[in-house]
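Both of the next two complexes hold chain A, though its partner changes from chain B to chain C.
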Partner chain A sequence: MDRKIALVACFAFGVVMFAQYFSAHPVAHQVNQAVLEYWQIIFAFALVLGVVGFCQTNVTQVRKGHDRPYRMAALAGFVAMPLLATFWGIKAGSPFLWMFENVQAPMQSTVFALLAFFVASASFRGFRARSVPATILLASALLILLSRTWIPGSMSNWLPDAADWIRNNPSMAARRAILIGIGLGSLTTSLRVIVGIERTWLGGGK
Partner chain B sequence: MRLQTRHWVFASLFVLIAVVMASGIRLSVPVSPETQRMYDFIDSLPAGAVVLLSFDHEASSLPEIQPITRALLRHCFEHDLRPVGLALLAEGTAIGYRLMQTTAREYGKEYGIDYAYLGFKPQYVAAILSMGESISATFPQDYLGRPYDSLALLHGVENYDDVAAVLSIADGSFTTHWMEYGGRYGVPVIAGVTAAMVTTYDPYLASGQMQAMVGGLRGAAEYEKLLGRKGGGGARGMLAQSAAHLYVILLIILGNVAYFIKRRRSA
Partner chain C sequence: MTSRLLAAVHLCHFIAAIAATVSDPQWFDTARLPTLIAALVAIVIVIYTTYHGSTRDKFTVRRIAGLEAVEEAIGRATEMARPLLYTPGWGGDIQRPTTIASMNILSQVAAKTAQYDCRLVYPTHDPVIMAVAQEVVKSSYLHAGYPDRYRPDDIAYVTSSQFGYAAAVDGMITRLKPASIFLLGTFEAESLILAETGNSVGAIQIAGTDSTIQLAFFIVACDYTLIGEELFAASGYLSGDRSILASVRAQDIMKVIIGLFLIVAGVLATIGALYGMALSGWWGF
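Up next, the complex of A and B:
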């Protein structure tokens, strides 16, 4: 019975939201606005679930002694940031913004920047012209990489032109094919969910 | 510990970037048609027009995002446009506020009159669609907790009909959502994106779903050149990026030379 209620609700919301897209009637706009507000409220509950899950996982692991220093640091940050925001606000010059700009942002940028070292290492060890397709890929990558340096500015136009040709022809054709595929797939899946053929979102089974 | 090849690769990259950054070399970058298109688009907007600036990125991409955003914001303020910031990713919230505040200060712009910041709204699809119906209902208060109606800049700004363009600053696919869902209301979408995302958005730029795009540190450096401004970080970042790219190219060539020598010997 509870599954039927979910399926009926899904069908009703799917059809109503689909129909209101084509309507300029004020009621359609009101329905749209109301549904969007509820959507955000439901999403906020998902955030609460994420917070609870984060706490539970880390507290359990700290008790077990797994990666204790790292997990305690994560929990300390998790508790500290909301407290700083609550008591001293989030304006310029606040401890919250100071922590964000001087601790969180540099740490995340550092971790992201480490990718450059792995790319350098991988390019030396793995990027080989083993076959014709691999050689074409390699040549394209070299051209694009070179075009994103200051060198094209001091050379003739052939390098930026060649890089632009790769971006605007083979690369874009592949991207468009992927996008069209994703679009058709999304449309099909949405229809299957609305009419109740696709039911895995209910937890599987018939 | 015995040093392996990868340790030398890592150390050389670190030394190279450190030396290049310390050298203070200034490079000239030619302006690409894409960057020129963005400059012309912003230039074509009437003075006083409201531009929604959406910070759809994480803190990790800040070194690349910051020069792009600063260059675009400088152009907006120079041209007397009125940017209204918001964030669809929580991490972009504080970054966006800070960037708008510091850049506005350069031009003596006043909060609430020349620019405003609405803050973060969860569930990006719902937020984009909801703003199409009513921005004030989506953001009843600004980032600092002031009521929407108390900001002079936002008087008469009810939905996308009152907005000249949406500028999405993104390191991921969020700009796509602006085009897909914001496009439903006919709002023009422009973007400042990380270099890795440029090819993702090329089809949208070619089809006209996106009006203009600035990509990566190179785009930021080009934009700084168009503005005739120095110190935005784009040219300096471009220097480090160029050195790293040339280093990677050298490694690829060396790796392939070693591979072919090895293959010939074993044949």
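Up next, the complex of A and C:
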């Protein structure tokens, strides 16, 4: 019975949200806003669930001695940041903001900076002229890389023009073909969920 | 009395005039009519292929290397006695069709890991996704007949921060050294960080996303990549469910229609450009 309620609710909301997209009436706009607000409420409850799960998992693993330093660091941050915000606020010069600017933000930047090294290592593996298509890919990549340096400006405009042509024609054509596939896949997946053919999100079954 | 009646009539005329000048809000947005027509055509095709018996008789799905490798990836993790890591990326939430498609694949993967007694680790950035994934994996273990092998702690919310999530998953990959990694969902800048870390520990990697920018990274860094609609066809491909495969056929029919539209529009636009004719019209979409 509870599964049927979920399926009916999914169908009803799917149809309503589909219909409201094609309406310019303020009522349709209000319906959309109301649904989005309810989504925020659901998210807030789920966040509590996630945070409780996070704490339980980490505390259990610390007790078992699995990855203890990492898990203790995660728990310390989880406890410290809300406490600092509660007792000293989040205004300029507060310990919370200091921690955010000097600990959290640099750590995030560090992880992001790893991307530069990974781009280099992935390019090294990917751009190898093992076959004709791979050679074309390598040549195209070199052309586009060179077009972004100081060299083309000092020589002529053919290099930037060729790079633009590659990006706007063959590259864009392939990208659009993939996007059409993704769009159609999204549409059929959504329809399967709304109509109730796809029930994995309910745990599968008939 | 007559003057009062006249005044009332004048008042009514005045109110009617004001009402006439204030336009009624439109229930239907005419600017979205082409989208509505396209959507209705698509819905009719999907429903026809799904529920009409004759169109469901035989399905031949072309071989998709990335999906053929799913069994191999799970078998490898089982043989090496190492876990399998599955993550849906940072970019999506549960409303996104890509996340739903990823859940469908997770269901099939979890059924196999339950059967082979292989550990499945699922870190995510979204608590709602975590709750749904727990339910999906639990059900798969139950349907496979091994509910006792389900470990709720392994399907965990790590953080909502993008690079915090990337660091957490990277840490798991480095410490657990999973034999197989599934990167299926919506990924952003973290895609290459995760894929390269997975590559560094020697894991077999199957990836798929709806972001064309991140697809390029996955193609380079992963062993198998599901491109475009392959990600959405995966659940039908893996489960063999005829209703789901029917909707994949609907996708193919729609692709043929779109292709024909593009050819006709291209020919008309070329004729217009060659002969200087003002043929601009519906293909402007």
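Basically, the second predicted complex is superposed on the first by the 182 of 206 C-alpha atoms of A that agree within 3 Å, B and C clash if a C-alpha of one lies under 4 Å from a C-alpha of the other, contacts with A are read in each partner's own complex, and residues count from 1 in each chain.
The rule is simple: contacts are C-beta pairs under 8 Å (C-beta built on N, C-alpha and C of every residue); 3 or more make two chains touch, one makes a residue touch a chain.
These figures come from a predicted structure and were not determined experimentally.
In the superposition on chain A, A:L47 contacts both chain B and chain C. In the superposed model, A:R175 lies in contact with both chain B and chain C. Within the superposed three-chain model, A:R148 lies in touch with chain B and out of touch with chain C [touch as defined at top].
In the superposed model, A:V59 lies in contact with neither chain B nor chain C. By the touch criterion defined above, A:I90 reaches chain B but does not reach chain C.
Of the two partner chains placed by superposition, chain B and chain C are both touched by A:F112. When both complexes are overlaid on chain A, the residue A:L187 reaches chain C alone and has no touch with chain B.
Using the contact criterion defined above for the overlaid structures, shared-chain residue A:V103 touches neither chain B nor chain C, since it reaches no partner.
By the touch criterion defined above, A:E198 lies against chain C but remains apart from chain B after alignment on the C-alpha atoms of chain A.
Comparing the two complexes, residues 21, 39, 43, 47, 108-109, 111-112, 119, 121, 123, 125-126, 175, 179 of chain A contact chain B in one case and chain C in the other. Remark: chain B residues 5-6, 9-10, 13-14, 27-30, 32, 58-63, 91, 94-95, 97-98, 101, 121-123, 125-127, 129-130, 133-134, 137, 143-144, 184, 195, 198-200, 202-203, 206, 216, 218, 238-239, 241-242, 244-249, 251-252, 254-256, 259 touch chain A in the complex. Within the complex formed with chain B, the chain A residues making contact are 21, 29, 32-33, 36-37, 39-40, 43-44, 47, 90-92, 96-97, 100-101, 104-105, 108-109, 111-113, 116-117, 119-121, 123-129, 138, 141-142, 145-146, 148-154, 160, 167-168, 171-172, 175-176, 179.
Taken together, the chain A residues at the contact with chain C in this complex read 18, 21-26, 28, 39, 42-43, 46-51, 53-54, 56-57, 60-61, 67, 70, 107-109, 111-112, 114-115, 118-119, 121-123, 125-126, 175, 177-182, 184-193, 195, 197-198, 200-205. Within the complex formed with chain A, the chain C residues making contact are 25-29, 32, 35-36, 39, 42-43, 46-47, 50, 94-95, 97-98, 100-101, 103-104, 106-107, 126-128, 130-132, 135-136, 138-140, 143, 152-153, 156-158, 161-164, 166-167, 170-171, 175, 189, 192-193, 195-196, 210, 212, 215, 217, 219-221, 227-233, 235, 243-244, 247-248, 250-251, 254-255, 258.
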